[in-house]
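Working notes, structure below.
A, B, C and D are the chain letters, set down in written order, and residue numbers restart from 1 in every chain.
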Amino acid sequence: MIVDINSEKILRDDGVNYLNCDRGWKSWAFTLDHKRIGIMYLAGILLCFLLGGIMALLIRAELFTPGKLYLTEDKYNEFFTLHGAIMTFLFLIPSIPAAIGNFVLPIMVGAKDVAFPRMNLASFYLWVAGAIFFLLALGLGGLDTGWTFYTPYSTTTNSTVIAATMGVFILGFSSIFTGLNFIVTINKMRPAGMTWFRMPLLLWSLYATSIIQVLATPVLGITMILLTAEKMLGVGIFDPELGGDPVLYQHFFWFYSHPAVYIMILPAMGVISELMSVFSRKPIFGYRFIAYSSIAIALLGFLVWGHHMFLSADSPLAAVIFSALTFSVSIPSGIKVFNWLATMYKGSIRLDTPMCYALSFILLFGIGGLTGLFLGALATDVHLHDTYFVVAHFHYVMMGGTLIAFLAALHYWWPKMFGKMYSEKWAKVACLLIFIGFNWTFFPQFLLGSQGMPRRYARYEAEFEGLHRVSTTGAMVLGVGLGLSACVLGHSLWRGKRAPRNPWGAATLEWQTGSPPPHHNFIGKPVLTDPYDYDDLVFDEEEGGFVRRRRRSGSEQEKPIKEPSIV
Amino acid sequence: MNSNQNELQHEEYDHHGLAHVMPVKLLVGVFSLLIFLTIITVLLAQVPLGPWEVWVSLGVATVKATLVCLYFMHLRYDRTFNGFIFLSSIFFVALFLALTLMDLNGPRVPLSGIE
Amino acid sequence: MVMASTTEEQDHHGHGHVAHHFDSAQQQFDAGKLGMWLFLITEILFFSGLFVAYAVYRVNHPEVFIDARQHLNTSLGALNTVVLLFSSLTMAWAVRAAQLGQHKLLSNLIILTLLCASVFLGIKSIEYSHKWGEGLLWAGAYTYGSEELVEQDKSAAKLAATAVLGAPAALIAVVSGAILVFWRKRLSSVVRTLVAVALGMGAIYFVGVGIGIIVEVLTHSSVSHEPGDHSISQVAGEPGPGVFFSIYFTMTGVHALHILIGMGVMLWMLEKSLRFEYGPDYFGPVDFVGLYWHLVDLVWIYLFPLLYLIG
Amino acid sequence: MVAKAASSKSTEFGEGANLMTFSIMDFVIFGSERSMFFPPPTSSTAAEVDSLFYFILWVCVVFFIVIVGVMGYCLIRYRERPGVKAEPSASHNNILEVTWTVIPGIFVGVIFYWGFVTFLDLRQSPDESYEIQVEAKMWNWSFTYPNGHVDNVLHVPLDKPVRLVMTSVDVIHSLYVPAFRVKMDVLPGRYSHTWFEANKVGSYTLFCTEYCGTKHSEMLSKVVVHPSGEFETWLENAANFLERMTPVEAGEILYQRRGCAQCHSIDGSAKVGPTFLDAFGSEQSLMDGSRITVDENYIRESILEPQAKVRVGYRPVMPTYQGQLKDEEINALIAYIKSLSEGSQVNP
């Protein structure tokens, strides 16, 4: 190995990176740089998260009392509809893949960019267009169909369904473009040395996610087209009045929307796999099993959509088959959890903020996954279907899972994205608040559900008041926690101290380049190493972060070298 | 399936530059075969085959589709992975179709039959 | 637009046609090809929704399909199949021409493909306008068999529909014709050819319409129904022929839309090929557009028997 | 531990507190009559559903404790300490992988099988079931009994299997009786079925659980379980109320039973539809600008073809009652509405 002095100089002296390499709004609006697109995505989805979150708080506030507090029933229905639609289509689905993944994936495979940079930018602008349609739906009298747009209600209600369905259609393309880009990038742009089984597990999970995005999303597209045609022309395919079948719509919708749940959770699992290993200073346990389980979840995820219709159609046979398939998905998820725990064994566990989030992910996702068993089992589902039990379950999976993992990823790659360190102390406080507030909000909802409180109710029976109040109070705590973490991260942008290249001592490629990285990601070529081998990474005071030690045979004392170096 | 390895295997075979070149004879041959099959299906449609009709005409269609894929779309000479993802998409369509049908031929009643 | 993005950007400091983030032309070509195939499977799943809808209604109400099918004109369908297959041949040949750098041949083959597409749409328009006249429309607008439809306003309606559907083609033909007549001198040879091709497409669309009308007249007997037969009229709330025509129109409509998109992309490609941009070391776009075009053909290969033959 | 967090915090809320503290106790003694999870089981199938629920619950609790335990142990035992590096250990172990694939596999297998067997009981109604027709519309239920009596409350006999044949006239609804652990979607254009056998006299809430628009959360009704013997007599009286009562009384009952009350107030407050108070004889302007006086004919027409003459300021959302109300029933309603207007004397 030769240390490449020049590249080192460049990186030490001029602080040129993708953020400051060129200026002006044009350099962002027309950028083809995956990092900048990722950052724009990040800003966008955070705004949408804020919007959806505010709606959530308004909903919880209304539910503080059984009767009317301040929202009419129609307004309440619009709020929970848009809360669901915005959180699902504008936040959760693009959250980790499009924002974090876009930034990290090409650097992780040591590429200069994704395979199709223009398509990547197009994906972002399609996302913006979709968001605008949603805002239109919100502005033009509001949407009150529930995020599932079930027919025939959605075809009869005189609210702005068409704007929303068009928005969903466009967002579908945005999602497809991202997935397509990732598959091609991972397939064709890895450096020769990086075989499939030397990829970081995040890449495996993003690959699995992309498969779902490419295979399932088009069906959502045609569904939305048919729904629009239904509303505008009366193409009676879903409308019983014209001899159509509303349950067929549910099949179409869930053929996408159930796999979509895995679009949301798989990348989260990928992130956790990375963090558990890095912060335990241990190679990830059962690499192949975690990798395969990602693919297994992606494929099995296509077979279970029917469990949203256990009570819709009259065919018990179908229900039984779908129930069996549903349980089959729980196994690979379990495998992942156990492997993560095994990774901690005999490690040297450092509780930095990302790790705190990762651990709360395991707990919350654990609860979310386990409560799925109640809903997968036919007999109990009959009682729990469409009650608050379901609400609690999917919030534990989607929010306790995806959102928490998203926050973990954000705190983990934040120094890489912006070159700034945030305040560990306050970030941890926020993490704790979020964890407490989350359980405080959603655990009571399991009880509400099993006691028979139906979902999507603007008014409710007095008997449920106690638990609803507990839940609402928790929601406020949760809100405060999220607000705090936003402040912590925001504050770091101008007050935070300069981030080293490798603050966590991680071994994946993105930590070999500067924080923030240069325009073309690497100066010179990155050194391919085992993504989970931490032996040679030592903390370097002068650098303020970890650096790779040169491997030496024999007792000759070891001298740390700075990456990147050319092999 | 590291792409770099596959390239080498694909280099032999009458590759011209980046990909395989189809001889004109083959193209025209495939085309005339397709036309022939089209005529066959139209004729078969006149013959009453009862329940088999669907399967016969879909069968012929599948043969045509295969020809188009293998030759017009170069799948026969293309990277196996491309063919694989194409087939997998067919598999998922079949899945979609099968499970939906299984659930949806339950009993129906016209609205008029309610009172 | 998807096409545009699957063909890699010419990077300023990149060399020739290889974008800066690719190591080699081969890597770039393979990436593009894989991307295109992935896009094709999204197309397949997009159409799959319609096929599933078809299957569900066919299984649950075979009788409806058997009656309704009588109203589709098999000969027109078969004719269109042949046209489309031929356009696939020219497209596949075009790819070869690009690979071998036969620039003239390439441009001519693309033009031929475009003309076929135009004919296809012309013939389709006759099918549509016939259905329109008979009131054989999707469930919401299905009026077939109701007495107030008299023969002459039927034919009037058909004429009107034909005119409406043909208007865009006519407009294109007239405009491009005018441009050729008045600004001929000012146009570069490439643009001139493009405009000429547009004129040709506009014109040949009506050849398609003509053929369609002739076939329609000749085979009218094969459409076995006398006006006002109620065997297949719509009853509210019951799956009637309306649903069949809903499926017919969505399926063929979405397919026709793909043809239009394909034509647009091919014009863009023609412009490049007229500038001799494609050759042995760079023919990705031609190959990818070809794949797309063949997929549109594949869909039709299944639509034809499902809609026109079975029943 | 989460539940505790919630409960300790919940003390400032009266009901919340009791409920949650009870709950913590019950958490230890699952399945007691007063469970933190369920309303008391009051149907023949409910107990079975509950025991499956508790079985799954125990499985979850055990697995969760294992996860938390292992995590906690590692966090304490292997936390980062200066000078202590991660000890090298195997990075994979197939026996272990197989174990934690197979063991959960067995558990979910059992859960699936149990759920599936019980589900078949929930779906298969006994042949000798007493059949009641259910019709759902935005936003009320109507139950039609074998003798033609229509009611908006579901009355059922004790210890007798009751089969519901359900359909909807507009959008998808779903019938849910928590006390019976019974739920089934109610679809337009087709019939769906469910059944139950109530084994405890009383009155239980019935919900709509498929989102169906504005008043979805008010689309509630009751299930009244009559002691055996009393049901028939109730049905007898309920059916011939028209004969037994004055038109006004009968009209009031119809107003309650047939869902008028959902949208038309009798206290002058405007709901989805106009109020009945002082409606009769009043001058009203319609959507088309014309004005009419509310008289017998207008009321009758509005019941049979609601869309024909819609008053200004109201959406044309009322479903028709054509063929659902007998003439004498309509007359009774008219008489009732009359009685709600000052100075309008009721003619027999």
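Keep this in mind: a residue touches a chain if its C-beta (ideal position, glycine included) is under 8 Å from a C-beta of that chain, and two chains touch if they have at least 3 such contacts.
Just so we're clear, the structure is a prediction, and the values are computed from it rather than from any experiment.
**Q** Starting at chain C, how many touching-chain steps does it take at least to reach chain D?
**A** 2
**Q** Looking at chain pairs A-D and A-C, which one is connected by more C-beta pairs in contact?
**A** Result: the pair with more contacts is A-D.
**Q** Suppose each chain is reduced to the average of its Cα coordinates; what separation in Å results between chain A and chain D?
**A** About 35 Å, centre to centre.
**Q** List the centre-to-centre spacing of chain A and chain C in whole Å, with centres computed as mean CA coordinates.
**A** 39
**Q** Cα centroid separation between chain B and chain D, in whole Å?
**A** A distance of 49 Å separates the two centres.
**Q** Chain B to chain C: how many Å between their CA centres?
**A** Taking the average C-alpha coordinate of chain B and of chain C, the gap between them is 19 Å.
**Q** For chain A, jot down the residues that touch at least 2 other chains.
**A** Counting only residues that touch two or more other chains, chain A contributes 187-188, 215, 219, 240-241, 243, 245, 247-248, 251, 314.
**Q** Hey, what residues on chain B touch two or more of the other chains?
**A** Answer for chain B, listing residues that touch two or more other chains: 3, 81, 88-89, 92, 96, 100, 104-108, 110-111.
**Q** Name the residues of chain C that each touch 2 or more other chains.
**A** Touching at least two other chains: 27, 30, 34, 38, 41, 44-45, 48, 52, 56, 236-239.
**Q** Note which residues of chain C are touching chain B in the complex, please.
**A** Residues 25-27, 29-30, 33-34, 37-38, 40-41, 44-45, 48, 51-52, 55-56, 59-60, 74, 78, 81-82, 85-86, 88-89, 91-93, 95-96, 99-100, 235-239, 280-281, 283-284, 287, 290-291, 294-295, 297-298, 301-302, 304-306, 309-310 of chain C touch chain B in their complex.
**Q** Quick check: in the complex, which residue numbers of chain B touch chain C?
**A** On the chain B side, the touching residues are 3, 7, 16-19, 21-22, 24, 27-28, 30-31, 34-35, 38, 41-42, 45, 53-54, 57-58, 60-61, 64-65, 68-69, 71-74, 78-79, 81-82, 85-86, 88-90, 92-93, 96-97, 100-101, 104-105, 108, 110-112.
**Q** Name, in rising order, each residue of chain B that touches chain A in their complex.
**A** 1-4, 81, 88-89, 92, 95-96, 99-100, 102-108, 111
**Q** Within the complex, which stretch of chain A touches chain D?
**A** That would be residues 73-74, 77, 144, 146, 150, 152-153, 156-157, 240-241, 243, 245-247, 280-289, 311-312, 314, 316, 319-320, 323-324, 327, 330-331, 334-335, 337-339, 341-342, 344-351, 359, 362-363, 366-367, 370-371, 373-374, 376-383, 385-387, 436, 439-440, 443-444, 447, 450-452, 454-461, 465-467, 469-470, 473-474, 532, 534 of chain A.
**Q** Can you list the chain D residues touching chain A in their complex?
**A** Residues in contact with chain A: 2-3, 5-6, 9-10, 13-20, 23, 36-39, 48-49, 52-53, 56-57, 59-60, 63-64, 67-68, 70-71, 74-75, 78-81, 84-89, 91-93, 96-97, 100-101, 104-105, 108-109, 111-112, 114-120, 122-123, 170-172, 174, 176, 178-179, 181-185, 187-190, 192-193, 205, 207-218, 220.
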